[in-house]
Amino acid sequence: MSQKTEVAVIGAGRMGQIHGPNAARHPDLSVRYVVETDPVLVQKLAAQLGATIATLEDALGDPAIKGVVIASSTDMHLEHSLACVGAGKVVLCEKPIDLDLAKARAAAPKFEGARFVLGFNRRFDPHVSALRQKIAAGVIGDLETLTLINHDPAAPPPAFIPRSGGLFKDFTIHDLDLAYAILGEAPSEIFATASCLVDPMIAELGDVDTARIILRTKSNKLCVISNTRRSGYGYDQRVEAYGSKGMAATANERIDTVEVWSEAGAHASPIRPNFLNRYMPSYAAEMDHFADVMVRGVKPQVGYAEGLAALAWAEACAESARTNAVVRL
Amino acid sequence: MSQKTEVAVIGAGRMGQIHGPNAARHPDLSVRYVVETDPVLVQKLAAQLGATIATLEDALGDPAIKGVVIASSTDMHLEHSLACVGAGKVVLCEKPIDLDLAKARAAAPKFEGARFVLGFNRRFDPHVSALRQKIAAGVIGDLETLTLINHDPAAPPPAFIPRSGGLFKDFTIHDLDLAYAILGEAPSEIFATASCLVDPMIAELGDVDTARIILRTKSNKLCVISNTRRSGYGYDQRVEAYGSKGMAATANERIDTVEVWSEAGAHASPIRPNFLNRYMPSYAAEMDHFADVMVRGVKPQVGYAEGLAALAWAEACAESARTNAVVRL
Amino acid sequence: MSQKTEVAVIGAGRMGQIHGPNAARHPDLSVRYVVETDPVLVQKLAAQLGATIATLEDALGDPAIKGVVIASSTDMHLEHSLACVGAGKVVLCEKPIDLDLAKARAAAPKFEGARFVLGFNRRFDPHVSALRQKIAAGVIGDLETLTLINHDPAAPPPAFIPRSGGLFKDFTIHDLDLAYAILGEAPSEIFATASCLVDPMIAELGDVDTARIILRTKSNKLCVISNTRRSGYGYDQRVEAYGSKGMAATANERIDTVEVWSEAGAHASPIRPNFLNRYMPSYAAEMDHFADVMVRGVKPQVGYAEGLAALAWAEACAESARTNAVVRL
Amino acid sequence: MSQKTEVAVIGAGRMGQIHGPNAARHPDLSVRYVVETDPVLVQKLAAQLGATIATLEDALGDPAIKGVVIASSTDMHLEHSLACVGAGKVVLCEKPIDLDLAKARAAAPKFEGARFVLGFNRRFDPHVSALRQKIAAGVIGDLETLTLINHDPAAPPPAFIPRSGGLFKDFTIHDLDLAYAILGEAPSEIFATASCLVDPMIAELGDVDTARIILRTKSNKLCVISNTRRSGYGYDQRVEAYGSKGMAATANERIDTVEVWSEAGAHASPIRPNFLNRYMPSYAAEMDHFADVMVRGVKPQVGYAEGLAALAWAEACAESARTNAVVRL
C-alpha cells in the first residue's frame, strides 16, 4: 500500500530471518528488497516476505527506499552502515558496530547527524522498559547499584569463538550498554575477571566462558555483571536495581505457567530456553522504534555513539581480565 | 500464493477482528472474502486483510473457498453454520452455537460428518494444553477433582445482559466445556448457586453476576467452577487439577515480570487485564487447528456435539440455580 | 515463680503433648498438674513439664489452679469441660466440644458466662490473622466470596474413622468455623457433596474422603470449602477471600526456601507436610489467647457457642451430602 | 535435672540475650552462671534463666561447668576464649574472634586441639543447610560460581562504626566464611570495591556502606558478594549457587504468606526485617551443634581456624578496596 514506508533488508541469516519478517509485519513498513550473497538464504527470505532480491547498490539507489535494516555478518556491519548512511537512508543495524575499536572510532564522524539505530535489543524488552519506568517514577528512590545476570543456556559451537570477538565484545557488550542505559552514567572504572569453566576448548581458542565484572561510575554507583556461556537451566536474563528506598527486578519468563505439586515439592516449567523465544518482543519493539524514527521523526534511543562506547567498555573488560587490574576510563 | 487455502470470514465485529487477522497471518491460509452487513466494519476489515467484500451467497458459491470462519453475532451462529456446512465448507464457528437448546438440538443431525470446529478457545490455550499434557503423562496420578476459576475483570454494559443468554450460557459455558475436556467425562449431576453482588442492575435484568457450581461425574469426580463478572483485579483464569499423587495448576500471566521490594513488601505487576490480551495465543492456536482440519485432514478436537452438550449443561446450571436443587443429567 | 498463673492439663496424648509444653513454655503460665488415665503417657508428660500427676478431682479441687487445658479424647471433651467450668476454672478445650449435637445443645446453658476458649486453632494462625486484618482494613473492599482449601496429606488409619464423627464433624468443622469467622456471618444454606475416592475402606466404614461444600449467607455471600483426606502433596491449607476491589489469599509455607533451576524447570521444596509442623505457631498463639483470657480478662474469641454452631453446620453438611439437597438453616 | 550439661554464659547484652535463653531452652543444657560486668543486664538475664550471677573466675573454676557461651563485647572475645580454653571448657564464641589479625594469629596455637565453636550462625541456617545438602547431592552438577547477597535493612547508629572494625570485618566476614563453607575452597584472590552511598557520616568516620567483592579460588571458581548497610526493603539474605547443570538458591522468608491482588498488581508481605527474626532458627541450630560437640563428641564444624581465615580475608577486602587492586592470598 502506498502509505507504507519502503525498506530494504541486508542479510538473510539468523538475524535477517528475525528482522525481515518483523519489518514485513509492521503496519508502517513494507520490505521491497532483500540483499544477501548466499543464494539459498536470499531466495527463501525474499519469497517469504514477498520482496525482490537486489544488490546493495540497487537497493540503495532506489529513492523509494527510506530505510535499511542491516543484519549482515558482524564484519560487514560497519561497511554496510557507512554505505547506507552515505546514501541518506535511515538505518537499523544489528550490534556490534564492529569488533575493531580503532576502526569504529575512525568512522564515527561519518555518523554524526545520521538517523542510525543500533540493535541493542534489550533496551526494547518490555520487562526492562517497565523496570526503567518504575525506576524513573522513583519507586526505589535514588538508584545506587545494579546487578545484571546474562547467562546463555549452552556454549556456542567452537567455530563461532574465533570470529566472535571474545566473550566481552560478543556477549557482555549487551550488559555494558544496558548498564549504561539504566544507570544513566558511563563507567569510570571497570574490573573484570573471567574463567574457563565450561569447555576447555574455549580456553584453547583464547577465550573465556564465565565472567564477573564490576563497573563503577563517576558518582560511585556500582554495577555487577554476571556472565556465563552455559547455565544448564535455560536463558537467564535478569536485572536487579537497588535504590535508596528499595529494589526493582525483572524475572525470567517461563514457557508456561503450569506448576505441579507433589510430595517432592513444587515444580514449575522451565524458563524460556534461548534468546529467540525470550527476546522476540524486544525485536518487535525495536522495529517499532525504527519505524518511529523513519516515519515520525523520533530521535534514535541508541545509535552509533552508544555502540562505540559499549565497544570501548568491552575492550576495557578484556584488558582488565588480562591484566587482573582495574581499568580507568 | 497458490498453495494457500482460501477462506472467508463472516463477521467483522469484535471476534472477526481477532479471527480475520489470525487467518490472514496464518502460513497455510489466505482470506479471500469478508462477509458483514455493517458497511463501515466490513470496509475496514477487508482493507486490513487485503480481502474482497462479498455476500454470504457469493462467498459460499466460490468453489475456491474451502473454509469459513464464523464470527457473526451469536444469534446468527447456527444459521451461518448450517449454510456453510450445507455448502460443504470446513467451519470454525465462534461459541456458542446458539442460545436456544431446542433449536440447537433440532439442527444437530445436519452437523453429522461435517468438519466443524467450535471456538472454545480455552482448550487451545498453551497453558491449559501444557497442563493437560502433564495430567495425561500421569504426573498427578488419577485425576479426581478439578477447580476452574473464571473471573471477569469488570461487569459488561447493562445492554449486553439481555441478549447474552445469561451468565451460565454466556460465560460459564467456557468452564463447562473445559471441565469436560479435562475430566474426560460429562457431568451426571450439577448444582449451581448464584448471587447478584456486583451490580443490582444485573439482578433487575434477571441475571446473576457471581456463581459457584459443583459438577459430579458418573465416576464421582467433582469439579468446582467459580465465576464472577467483576474481580476487581484483572482477568483471573486458573485451573487446578487434583489427583491421587498431587496437584497441577495453571497461573495467571502478568503484564510484565517486574517486582518491586520496599518496606511495604513485594509488589508484582498486574495480571493480564482482559480476555484479549490473555487469550490471543489461544485464538492463534485455534486457527492452527482449523488449518490442520482443512489442510491435513485432522479430526476436529471440539465440534457441534461438544457445543450442544455445553449448552445443555449451561441450561442445567440455570435450572439448578433457579430451583436451588441438584439437576441430574 | 509466684506471679505465674497455675494451670492443669487434662490429657497427655497427641494434643496434650502439644498444649502441655506450650503452656509450660508460656511466660505467664505454670503447669502444676497433668491428668491422664494412661500411666505411661502421664508419667512422660509430667516429667517433661516438671508437673505433678493428679486426678481430675484433686486438680479441680486445688484453688491455686486458675485454668485447665482440656486435651483428652473427643468423647470426654464435654464431660471434662462441664467439670472444669463447674469448678470455676477458665478452660481451653480442644475441638470439637462433642460429636453429639443434641447432647452439646443440652449442655449449652451451663457454659453461659463461662470463660471457655474452644481450640479452633486456625483462627490463631498468624497467616490467617494477617489476612483478616487486611480484609478488615478494606484492602479488598467488601468481602463477597470465600474459598477454603483444607487438604490432609494422607488418609487416617481405618481405626480412626468410626470414632471420628465422619469427615464433616472431624475435619470440615475447622473450615465451617473459619468461614464464619472470616465472613462474619453464619451460613443460611449449605450444600455438600462428597465422594469416596481415596480409599474404599473409608466407604465401607460409612464415611467419605473428598468433599466440596458451598455455603450461602443471609446476605448472599458464597463460600466454597474443598476437603480431601489425601492430597498426595502435603498439608494444603489456603484461604482465598474475594471482595469488590480485589482478592487476598494465604499460601502454604514450604519446609525451606530453596529453589533449584535446571533444564527441567524450577523445583521448590515441599510444603509443610502435616498439621503439626504447619500449625505449631497457631497453637502457641491460642495459648497466648488463653493466658490473656485468664490473666488479663480478655473476652474469649471463640467459645462454646461457636463450637455448637460449627457442629450444627457439620451435621447440616452430612445431611446435605446424604440427601443430595440444599439444607436450610 | 542431673543429666543435663551445665554451662556458663558470658555477656548479657544483645547476643547474650539470644544465646542465654537458647541454652536454657535446650534439652541437653542447663545454664548455671551468667557472667557480665553490667549489673542491670546480668541481673535481668540471670533471673530470666534461673541462673546464678558469677565472676569469670568462679564460673571457670567450677568443675561442673563443661562449656561456656561467649557473648561478650567483640574486644573481649579473644581474652575470654583464651581463659575458657585454658580452663578446659568447650566454647561457643560469637564472631569475630578479634578485630586485630596479628593478635588473633599469635593466639592461634593455643586453640589447637580445643573444642571451640565459632558463631558463624549462617552456616546453621536451615535454608542454607538445605541448599548445601542439595549441592552435595549433585543437583546442580559441579559448583562453579556463587553469589551472596547480604543487605542490612538500615545503617547502624554512627557510634557503632568506629568500634565495628569497618564494614568488611564486621559484616562481610559472614559472607567470607559462608563462601568458604559453600565453595569448599579458600579464595586465592580478592577484589573489593566500596562506596559510601547511604550516609556521608559513615565516610567521615572512615568507613564504607556499600560493597561489591569478587573472590577467585585456586580452581578458578568465582564468588560475588553484595553488601549494603541499608536496603530500604528489609534484611535481604540470599545465596545463589551456579553449577554445571543448573542453579540452586535460597530466598527471603516473608513475615506472612498473605498476597493481595488488586488492579495495581499483586502485593506480598515484607521479608523478615532484621537479623533477629530472620536468623533465630540458625542460632538455635548453632546451640544444637554446641551441645553435640560437648555431649556427643561431635567435631566443631567451624572453629578458630575458620575465624582466623575469615578475618584475614576481611583484611584483604579492606586492602583491596583501599588500593583499588586485586589482593593475592
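When the chains are written out, they are named A, B, C and D in that same order, and each has its own residue count from 1.
Please note the rule applied: a residue touches a chain if its C-beta (ideal position, glycine included) is under 8 Å from a C-beta of that chain, and two chains touch if they have at least 3 such contacts.
Quick caveat: nothing in here was measured; it's all calculated off a predicted structure.
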| item | value |
| --- | --- |
| Most distant chain from subunit D, judged by the mean position of its C-alpha atoms | B |
| A-B compared against B-C, more contacting pairs | B-C |
| CA centroid of subunit A to CA centroid of subunit C, Å | 58 |
| Geometric centre distance via CA averages, subunit C-subunit B, whole Å | 42 |
| Cα-centroid distance, subunit A relative to subunit B, in whole angstrom | 39 |
| Junction residues of subunit A, two or more chains touched | 140, 232-233, 236, 245-247, 261-263, 269 |
| Subunit A to subunit C touching residues, read off their complex | 232-234, 236, 254, 261-271 |
| Partner subunit C, residues of subunit D touching it in the complex | 126-127, 130-131, 134, 139-140, 245-253, 255-263, 269 |
| Interface residues, subunit D side, partner subunit A - complex | 140-141, 144-145, 147, 151, 189, 191, 193, 195-198, 210, 212, 214, 216, 220-222, 224, 226, 228, 230-233, 236, 242-247, 324-326 |
